[in-house]
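Before anything else, here is the set of structures, which you'll find just below.
In the two complexes below, chain A is the common chain; its partner is chain B in one and chain C in the other.
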Partner chain A sequence: MTENVGIVIVSHSADVARGTAMMVEQMVGREVPLGWCGGDPDGGLGTSVEAIMAAIDRAWSEKGVAILVDLGGAETNSEMAIEMLPEPRRGRVVVCNAPVVEGAVMAATEAASGATLEAVRRTAEELTPA
Partner chain B sequence: MNKLKASVLMRHEVGLHARPSVKLTKLAKGFESKIDLGLSPDGPWIDAKSIVKVMATRAPKDSTIYFRAEGSDAKAALDALVMLVDGDFQDGP
Partner chain C sequence: MMLDRETRKRLIVAVASRVIAAADELTDLDRAIGDGDHGTNMRRGFEAVLAAADELSAKSFGETLKGVGTTLVMKVGGASGPLYGTLFLSLGKSLADEVSREQVAEAFAAAIDAVRARGKSEAGQKTMLDLLYPVLAVLRAGGDGLPERLKATARLAAENTIPMKAIRGRASFLGERSIGHMDPGARSSELIVDAVADVMESCA
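And now, the complex of A and B:
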């Protein structure tokens, strides 16, 4: 079975995260495992470590998971979520330094070809000016 | 090994934007051959398997897309890519 790298979208806004996930599904397809989360439990803006861990779980692939984040806390909470993963998974999840919407579509396009986690990350990060 | 070449007029309404770029790149990645894309017969050439570079071409409607490919499945790759562009990226009206 060929498995593809998973993609996780983490935004402060549930609407942004859901919308980005829809763009990935409709533009790239469903062959890439996808997880997303956004907002705090009360419906406000925010990110949560628990929700990010659950999204990583939904998108899990033995080839690894690439996370796309929007601002500040999304990144730090994602890094915290990675640290809290069990050891065998911890080393196979990366946060991409890329814009969330564009990065997610680019990363998923790369992932759909069966690329490695490192190649997926590199493609997403091509968007970021050096 | 010699490079095979092909070209096709792109009639897609919005040009080589997000969705067509993703389709073209995904198709190109399915082939073993090295595949380049250009907007003129002499290049400059970009890697047709790079989604970031393909999307950055921003080729408008009515551009001619040039492909060149090198490798064991170069002919099949060019046929498939030309068919995709000629078939309007299989998008409905």
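And now, the complex of A and C:
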């Protein structure tokens, strides 16, 4: 049972999400629970609330889960997925305002050190110009 | 107005059919200023709603609306899923089977607030809000021939998004170049208002 914050990668493309997850795994190993998803409910480009909820479940950690998203709908759908989680989990998942690939790698690196959810989010968001 | 089971089903079928029939047009509008998936996404969502029409309308009006909202959230796939899903989920929270125009207007106002928060957007930014607010104003005022005036207002409001510059969503990447195209979300909202007004007219 891991004690590190989990990371979820949400892209419009399953290939981008999987590729990003592979980069994270190669750089920080399997210390961090990782979930990813990409594509709409029919398998086209887009995002799916159901798939995001499942990815959060796979990456679940009692310390919380940080989500990295690519474009507009990925963010809106991730926020919706968080709201649909059961109450005890809802407050422990955040969407990071950061570029998806760099953000996921930085967030996972921070998470692997045992950092809190807030610290993981802050590290990812340092990449975003103020 | 009494929303019995038959009326609930007519509303679902009318709204879903209208959106599905216009899917190609919505995609064309979205291709001009967005990522070209609005029609495909809305069709997928409303086909799922249509397929579940019997089951959804068997419950109370509030539960029917929530069911439509949840289906759209799960099936649409783009940002419009959570936006329209939030609209219907919020309406479902406060509407009973027997509703007055004032109650619908109040519920609609709360639902628009929820959509605005979900999209982190405001009126005047070339979004569905630019259609929903004018429709709300007419609904609040009430009066004779309401369905016809709701339709006319929706049509005009959708056209009014053409000269607007997008600030939110994918269209905002285009900046000035988004001017001159109707917002696809405003157009899909117009279709929904139009279909609901048709059912209102036939019930009156």
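We take it that the second predicted complex is superposed on the first by the 127 of 130 C-alpha atoms of A that agree within 3 Å, B and C clash if a C-alpha of one lies under 4 Å from a C-alpha of the other, contacts with A are read in each partner's own complex, and residues count from 1 in each chain.
Rule of thumb we're sticking to: a residue touches a chain if its C-beta (ideal position, glycine included) is under 8 Å from a C-beta of that chain, and two chains touch if they have at least 3 such contacts.
Computed from a prediction, not measured in an experiment: that's the story for all the values here.
Superimposing the complexes on chain A yields a three-chain arrangement in which chain B and chain C fit side by side. Legend: residue contacts after superposition of the two complexes on their common chain; A:14 is shown touching neither chain B nor chain C. Once the two complexes are laid over each other on the shared chain, residue contacts for A:127 go to chain B alone; chain C is not touched.
After overlaying the two complexes on the shared chain, residue contacts for A:106 are found with chain B alone; chain C is out of touch. Legend: residue contacts after superposition of the two complexes on their common chain; A:56 is shown touching neither chain B nor chain C. Computed from Cα centres after superposition, the angle at chain A between chain B and chain C reads 150 degrees (steps of 10).
With both structures placed on the common chain, the touch criterion links A:77 to chain C but leaves chain B unconnected.
More chain A residues lie in contact with C than with the other chain of the pair chain B and chain C. Once the two complexes are overlaid on the shared chain, A:46 sits against chain C while remaining clear of chain B. In the overlay built on the shared chain, the residue A:28 is in contact with chain B alone; chain C does not reach it. With the two structures overlaid on their shared chain A, chain B and chain C come no closer than 27 Å at the level of C-alpha atoms. Note: no residue of chain A belongs to the chain B contact set and to the chain C contact set alike, using the contact criterion stated above. Remark: chain C residues 35, 37, 40-41, 44, 73-75, 77-83, 85-86, 118-119, 169-170 touch chain A in the complex. Residues 40-42, 44-50, 71-73, 75-77, 79-80, 84 of chain A are the ones that touch chain C when the two sit in their complex. Chain contact summary for the complex, chain B toward chain A: residues 18-19, 22, 25-26, 29-30, 49-52, 55.
Every residue of chain A that touches chain B in the complex is listed here, in rising order: 27-29, 105-106, 109-110, 112-113, 123, 126-127.
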